[in-house]
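So that you can tell them apart, the chains are marked A, B and C in the order they are listed, and the count of residues begins at 1 in each.
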Amino acid sequence: MSTILLQHDGAIATVTLSHPGKLNAINLAMWEHLSATFAALSLNPDLRCIIVRGAGPNFAAGADIAEFPHIRSTSEQGIRYHQQIIAPALQAIAECQHPTIAAIEGACVGGGLEIACACDLRIAAPSARFGIPINRLGFPLAPGELQGLLQLIGRARTLEILLEGRVFDAAEAKDKGLLQRIADDVHGAAQESAQRIAAGAPLAARLNKILVRRLTPPVAPLNHEELEAAFSFLATHDYHEGVHSFLEKRKPVFTGK
Amino acid sequence: MSTILLQHDGAIATVTLSHPGKLNAINLAMWEHLSATFAALSLNPDLRCIIVRGAGPNFAAGADIAEFPHIRSTSEQGIRYHQQIIAPALQAIAECQHPTIAAIEGACVGGGLEIACACDLRIAAPSARFGIPINRLGFPLAPGELQGLLQLIGRARTLEILLEGRVFDAAEAKDKGLLQRIADDVHGAAQESAQRIAAGAPLAARLNKILVRRLTPPVAPLNHEELEAAFSFLATHDYHEGVHSFLEKRKPVFTGK
Amino acid sequence: MSTILLQHDGAIATVTLSHPGKLNAINLAMWEHLSATFAALSLNPDLRCIIVRGAGPNFAAGADIAEFPHIRSTSEQGIRYHQQIIAPALQAIAECQHPTIAAIEGACVGGGLEIACACDLRIAAPSARFGIPINRLGFPLAPGELQGLLQLIGRARTLEILLEGRVFDAAEAKDKGLLQRIADDVHGAAQESAQRIAAGAPLAARLNKILVRRLTPPVAPLNHEELEAAFSFLATHDYHEGVHSFLEKRKPVFTGK
């Protein structure tokens, strides 16, 4: 069954994304679980660092597309799903008062990459693979998910990832600014980083996180009209073609309508 | 004769900068032609990707300095030339609703580099060379041209390019964040990227571009006083020394006046 | 004795950080001296470039921790020390109208790295080492010092440096975007860059610097309440434990209080 696992080891907590047989694809319940998990972890004063990883040999393979025909078919549903469920989950990770490290093996794509980008640091195995291949699924990245990627790697690399929709390896991810480092023993390297962070003063770490956010140039939130426009794709032929061709394992035919 | 060539191949258009014998230096008429070309291409709903390249073995070698004594000698002329002709042309490229790829061989300097930076993605041949060597010409980069470079590569790299005025190779350009990739067959690689983009849903690509722009932290436009200050160099001895020494192929002598 | 040395060689000035026996650690008097030096240099119309370096084989090893128990023990003192002495010194360097180059050998940590980041360009010897290892000292980076680092290398790399508190080499610093280049003969390379800059038109260089700052997205200054929160760590046990354990050369024991 899909779930979010939580383990404590002294001042270090490990959050594990688990969805067996689906490369840990994050479904609606897991996004909500992730929000609640990080809200609770953030309030725990005894923690000093949180590691986020996937169960088994993958980090996470994105949202669960099989859910889309049921829960994300209208603009209203899209706004609820993305802005009221996924974006708050990513925000709960990004605004967690404790330092966070994504330890990445295998697939780290779509929603999985968004979760990794919401963490403070990212360490990956050489064989990890990255991307947001949604151009073939017929939809753009939702604004609440785009912002973290854009702040991390800038405009050109974000557009390259979204427009081409390629899946790429850890060396390219590091070159694009997505990773702090590549390590053969990714979980050992994440532990080492977490222990180094935990050996520092926790209040200082939390203040550093608060100040880094505060000193990042702000962007005005999208108004209702802009949100409607951002989710207008849900009413298009191409979106439904993208999702259905994916589920039917055939090549999509997009018409721009 | 200098011109902007336009070719259509299905959903992919190719815009070619052509100024034979001048390394495709962009003159006033070409900047205006470029604005009109991209304004029209942006409105064409059948397009999915646009490639920008130079005619022959160069991308473009900057503005046409020979024009400067006639069309850019006073602060008023400078504001008209840069803010009302060049900046709108770069904006027409940057705000084109379709994804854009610069395919770069040979010289990509000055205005040529600005055009490349206004595109979404940049692919270059290993032998391409880059720079904005205007420090020897006695003038700073105009604000409407600086912004694209600054957003792409940040403050330190932008100042390095402008203050040192060096011309550098593709490996250094990639290292500075100017390029997505280096490819021996740059036109083949640009075609491959364009076809991959064109195989995705076009409305999704357009929404991604709109949202990436919308989520980029804004900068207030320069007021009239700031624009006057930005073009105050046109009244200096050093500017005229820079342009005339270039046209006379001699070393400039700058006095700071 | 600790001091800031100043040398003129034509249009190029060299500012040398000197604190013998302390790896050129910057004490209160040096920060004030640095402010005054750059305020005066900025007003000198004959200058075209300024090189900043350390005396002997190090750049600078941070603030002088031995001073902390006396001059930085309360929130009021912290605001005065960081926001009214260090931040203005860094601002005087960053806003100096002339181009600035940091030539870095040996230790470039803490306040030393902040000074380097306030310069326009940074060139380092392969053996130089970088970092802000203050997590073991029990305090966060002050907001006026954080901003320059954040603008230069972005959120993730800034947090990596602060949270892990590692000291790293020039190759990693270059990879993180902290350096323009690495040169075996760092002072020769800095001279070469300075002479190239000085050969360009000085007014153009100054306008480029002004416009790059003007076109950087603004961040609202911290209000009094935010400043109080940023310096609240001075009232914590962990801060005093961090500083005293450093001065007593023992391992700190942080309790999060």
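Here, a residue touches a chain if its C-beta (ideal position, glycine included) is under 8 Å from a C-beta of that chain, and two chains touch if they have at least 3 such contacts.
Source: prediction; values computed, not measured.
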item: Overall pattern in which the protein chains touch one another (line/ring/star/complete/other); value: complete
item: Homomeric contact subunit A-subunit C: same or different residue positions, threshold half; value: different
item: Interchain centroid distance [CA atoms averaged], subunit A/subunit C, Å; value: 34
item: Junction residues of subunit B, two or more chains touched; value: 217-218
item: Touching residues (chain side subunit A, partner subunit B) in the complex; value: 134-141, 143, 146-147, 150, 154-160, 162-166, 217-220, 222, 226, 229-230, 232-233, 236, 238-239, 241-242, 252, 254, 256-257
item: Residues of subunit A touching subunit C in the complex; value: 45-46, 48, 99, 120-122, 151-152, 177, 180, 193, 196-197, 199-205, 207-212, 214-218
